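Take a look at the structure below.
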Amino acid sequence: MEPPGLNHWLVVSAMLFCIGAAGVVLRRNLLVVLMSLEIMLNAANLALVAFSRYGNGLDGQIFVFFVITVAAAEVAVGLAILVALYRLCGTVRVSDIATLKL
Amino acid sequence: MEAALFHLFSFLTLAGALLVITRRDPVNAAMLLVLTFFFMAGLFVLAHAWFLAAAQILVYAGAIMVLFLFVIMLLDAKEETRRCFGRVAGVGALAVGGALLAALAGVIRDGRLWRVPAGDAEGTTAAVGRLLFNTYLLPFEVASVLLLAATVGVIVLIRAPRRPDDAPPSA
Amino acid sequence: MGHAFLLLLPLTAFAVGGLFLRRRHALAATVSTASALASAAWATWLAWAKADPAAGAVWLDAGGFTVVFRLEWDALARLMAAVVTWVGAAIHVYSWGYMRGDPGTGRFFAFLSLFMFSMLGIVLAGNLVMMYVFWELVGLSSYLLIGFWHERASAADAGKKAFIVNKLGDFGFLLGILVVWTVLGTVDFLDLQAAAPTFRDRLAASPLGFLPLGAVALLLFCGAVGKSAQFPLHVWLPDAMEGPTPVSALIHAATMVAAGVYMLCRLFFLFALSPVALEAIAWTGGLTALLAALWTVAQDDIKRVLAYSTLSQLGYMVMAVGLASPHAAMFHLSTHAAFKALLFLGAGSVIVALHHEQDLWRMGGLWNRMRWTSVAFLVGMLALCGVPFFAGAASKDGILLVALRENRALFALGAFTALLTSLYMGRLFVAAFLGAPRGEAAARATENGWVMKGPLAVLALFSFAFAWRGGWAHDCLATLVGAPMEHAPAVVHAFFILIPLCGLLGAWALYREKPTDALGQLFPGLRRALASKFLFDEFYLWLVRGVQERFAAFLRGVDQWGVDGLGVRGVSLAAFCLGNVLRCFHSGSLQFYGFLLGLATAALLIFGVLR
Amino acid sequence: MIHPSVLRLELAVVGLMLAVLLGDAFARKASRRYWGAAVAAALLALAGYAAAGAGILPNASARVFTAEGGFLVDAFALWVKVFALVATAVCVLLTSRTPGEDAPGFAEQVVLQLGVGLGMMVLGSARDLISFYVSLELMAIGLYLLVAWRKEDPLSLEAGVKYLVYGAMASAILLYGMALVYGAAGSLEFGIIRQAAATRSDSIVLLAGFALLLAGLGFKVSAVPFHWWTPDAYEGAPVPSMAALSLLSKPAGFIILARLLFDVFWPLHAMWQGPVAWAGAATLLWGGLGGLSQTNLKRLLAYSGISHSGFMLLALASPTRSGVAAMLYYLLAYLLSAGLVFTAMCGAAGPGARYDLRDLSGLGRKSPWLAGALLLGLFGLGGIPPLAGFFGKLLVIRCVVSESGWGFAAAAVGGAVGSLYYYLVVVKAALSPEENGAPPIAPVGRSLRALTAALAFGLLLVGAWPASVWGALRNAAEALCQ
């Protein structure tokens, strides 16, 4: 089998990105929405690693390291808000947080 | 061998991600997310990003997943009783995913990327560390401020009200 | 030298009054009035000395375009400054009496000073940007003053309406300024005047070449349409009468509404480039003059009669500019400022005496009870009607003469308007001052104090003085005009004398001793007694009631439903509808937002990058 | 190598953050009365120092690098730092009014605001994609928390969740764009990316990356069609956080947008000019029309903010230095006038207020001071001379007429009339007689008075005498467009 080229890597990352985006739109449970966001970020990570592999040096990998760090913080913040929301309203469903509108 | 592994890991990663967004039970979804990230670490290894593979497993599969599971337990999030998404949302998700995929696939097709040769960058811990603490030391420090801010904020947000008269009004 | 004091004096009064003296009414009034009087004196002195202003300072130097803060002090500015400061000073004094006891007096005088500052700014502005800045400021102070009694919903609404309608005109003005700026590369009046002959060619060569010259001129004219309340943006002025009467006198009769005319004269060299635009301006003015005069006859509120009459007179001025005769416009502006302010102050005096009764048909008999006011009002009325030896005669006849020479149709229109003018003014005077009192308040009215009588006297003097011997005013006019009065054949003069005479006599015949405006309920005794005049009466009645008033009602309907409804309100309604459609996208659903974000991104990639 | 002296302003802010944290741990409650004012004073002092050059820049055209070229200080970056410091000071002062300096979580809130300000300061100097990303996320994370800060209020939490999810999605898009740009240019450094944009302008991957970057930043500046979150987040957020959203986050978006458009992707300016102009016009109209029938002040201000974003986008769409300078002037005017409005809002109601327009009734009678601030701020936003908003709009429209075309100028004018209408609705509400149920207001404190006076003075000064700041803005614009 021929070794994979940069385009293969990118197709995988693009598909992962789209799955993540679809997940955000699809799911009612905010926890799963957060997970979908993680998938989107990881898709970008995969693209960075792929570009780094194909001749662009290590900078891309460093970038991924930073993204992982930031993503961890983002998840922590997101979960904290969800916990506070659950304490107050007893829900983490998207459809229950549509008071602000129009 | 490398090609086979690449296809295997890619398939598993994508399948895992698809299952994450379609499984009813949030606990299941979280476990599948761990698996997805695990396979992605495999892909990182294939890309010679050794350090990142390790970091991916440690941070994502380790720390973030534990956090997710912990919160799921804390919130007592039950399995969705019926479907986990509405029909309209399903169509919308398909539309968004499809449109984005079409756009990105178009970009990748027109980008003529298959001729790019692989480089020789080896993402060992030593190499990554050297780069990180020389060239990218400043963003590293900024990231530390970011973590500090996040920590401070999160603590305030989930700290239980101290006095009874601070208690939130029942919503 | 020292021209900036003209701006600094009222500005200081505003700052001091607005910041520190909101509660200390008497002091605020003193400061404000002192500043108005001082600037009147100072303006007179500067005009007398024909002093040149200092060179300007750079105001904004934004790469490619520079704006210099420069004050203009040519004959046009001198005349206008004199009008603004003197009428302003008289009205400041008068306000002492009118606003007595109002809890917002301090605020009132602060706003009045702000207005004086902005208005003088328009007059002294040396370039288009400065003029626009002060133009907007005038709009703002007018908004604040109309809505002065802001706790009354109608006043707040009227202020808002005036502001928004003015804004509509202003934005055309702004676009026009920007076109001129882009094409000629300067905004300074002197440079513009020097470059004006090349305007047509440079416009054609610029990226804006698709714009005809006339369109640019009409964009600039939009500003005057808004500020001078010309058809179809006239709708705000009658509502603006919600403000205190001195404000109506100062802003909505004498000065601010004249700013549009002043701007037209100031920029006349640009308008003169396009005969089409001039034609359009002349017809807009003429139409406004006629329609407003027709509407006036059906008004019962004393201030509204004067407001519509102001519209009509502004129409005259704009028509004069359109007939390529800015000096005639400026002359009428000056005289009109004096006698219309006088009329408003007289009306205000009546309103105060009658405890804020404004309905004409509940007045009557004031001639005996308020002699001073009545005489002053009579002088103003005669001036407005154009009776010889009063200020209005010379200026209005000047405009009509120009029209006679340039455009017969407009002359006929103007002459008919003049007839209507004297008719409605006669009606107002007969109803309010003559006959027997028709209301309790009218029966017990008493003359006001000297603070209010004094300014009336001064303005009444002005309404005379302009007519035959202006002295300094004539000098200014002479510089402005070249020849202050046009000579006309005796027949024409006779005709001009006949017009007000007919109108006044008609009003006298129609409205004398009538309890209400409803002439259908005329007492039968009159019929018998005046049998011989029956035909004439009937004819006039038929003319006025049957045709003219119905026509006026029809026009009023067109005004309310057509222009106000479909035009101004229609636009706002469409905006609201569209806004609500846009709002619907903000459904509050996070999933929907994510959906839109994803789709927008995909669309950006597909249409922006891949094509 | 990092030269700490180049980073002295940033280090000072970090020091301030730590000082507040430590102070919170050790100080007694009674000694906290003027914390907000003290922090704000320190920030303003720093801003003054920065405005004077901060000892970093020898002259206006100098460029000082550190951190292996990843951090640049030039006139533009310095101006950004001044702006960020002032805006942060405003937010901190507003915070010290709501919830109050002795409330639990006050110190942490200030720390987060300082973090957001720090993010903007670093962002102005970022010279590679990593610094760009990390500083942007520093701002974002702080703001997610600040929007959701009132954890006893379901609406605040809802707004926080919406802002976070939407923001994280947008930042994932932005990140994917960065990855593509990195792949196409082969480097993370702005200088090399610029070269790549000049030599390989036909690279689809580069263009796609650029487009995704624009989409991600479109979220930050709430440009149509990426603006959906704005009204919801504004309405739910507490007022100081709302101020941080519009005085820090949005300007930061515009700053980095200007950096990308006029520096990094300048070689592609023929390609971005049209789309940016269209987005600007659409944003302007959306904001101008959408707010017409709003009855909630916060939501209305969100639409107003969208409309202002449209103006600034239109300024950027004219690819000249005057365009950048006009945008910077507009930002300054926006900071001053919106700051005044937020100040008045903080003074006019307690922390839990919903800010329905009806609640404002009687404000003119209850507190002329606050009503005056509100009036001045709204007129500033509406572009009434001689307030700064006027020249902002005039300069932008002037650029639009000469660069983007007539239709865009007409759109700008139309949007401005629409938004002016709803400002007047607010003014009318504030001046109308008091209705039943309007909340009582606490006396206006000294710090709030000082803030109002300072902002009003700035608004008048910058508006009546634009030459007072124009030189600095032009230097900044020239530093950017080299």
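By written order: A, B, C and D. Residues from 1 in each chain.
Criterion: a residue touches a chain if its C-beta (ideal position, glycine included) is under 8 Å from a C-beta of that chain, and two chains touch if they have at least 3 such contacts.
Predicted, not measured: the structure shown is a model, and the values here were computed from it.
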- line: Judged by C-alpha centres, the chain sitting nearest the middle of the protein is D
- prompt: From the C-alpha centre of subunit B to that of subunit D, how far is it in Å?
  reply: 30
- prompt: For subunit A and subunit C, what's the span in angstrom between their mean Cα positions?
  reply: 63
Task: Could you put a whole-Å number on the gap between the CA centroids of subunit A and subunit B?
output: 5
Statement: Within subunit A, the set of residues that touch 2 or more other chains is 6, 17, 20-21, 24-26, 28, 33-34, 50, 54-57, 59, 62, 66, 70, 73, 77, 80-82, 84, 87-89, 97, 99-101
Field: For subunit B, residues contacting two or more additional chains
entry: 89, 92-93, 96-97, 100, 103-104, 107-108, 110-111, 113, 135-136, 139, 143, 146, 150, 153-154, 157, 168, 171
Task: Can you tell me which residues of subunit C touch two or more of the remaining chains?
output: 583, 586, 588, 590-592, 594-595, 598, 601, 605, 609-610
Task: Counting only chain pairs that touch, give me the topology of the graph as line, ring, star, complete or other.
output: complete
- prompt: Within the complex, which stretch of subunit C touches subunit D?
  reply: 22, 58-65, 129, 132-134, 136-137, 139-140, 147, 150-151, 153, 156-157, 160, 163-164, 167-168, 171, 174-175, 178-179, 181-182, 207-208, 211, 572, 575-576, 578-580, 582-583, 585-586, 588, 590, 592-594, 596-598, 600-601, 604-605, 608-610
Residue ranges of subunit A touching subunit B (in the complex, touch as defined): 1-12, 14-23, 25-29, 31-32, 34-36, 38-39, 42, 45-46, 49-50, 52-59, 61-62, 64-66, 68-73, 75-77, 79-84, 86-89, 92
Message: Applying the document's contact rule, which stretches of subunit D touch subunit C when the two form their complex?
response: 161-162, 165-166, 169-170, 173, 204, 207-208, 211-212, 214-215, 219, 225-226, 228-229, 231-232, 275, 286, 289-293, 320-322, 325-326, 364, 368, 379, 384-386, 390-391, 394-395, 397-398, 401-402, 405-406, 409-410, 413-414, 416-418, 420-421, 424-425, 428, 431-433, 465-467, 470, 474
- prompt: In the complex formed with subunit C, which residues of subunit B make contact?
  reply: 89, 92-93, 95-97, 99-100, 102-104, 106-107, 110
Message: List the residues on subunit D that touch subunit A in their complex, please.
response: 129-130, 133-134, 137, 141, 144-145, 148, 151-152, 154-155, 157-162, 164-165, 168-169, 172-173, 175-176, 178-180, 182-183, 186-188, 231-232, 235-236
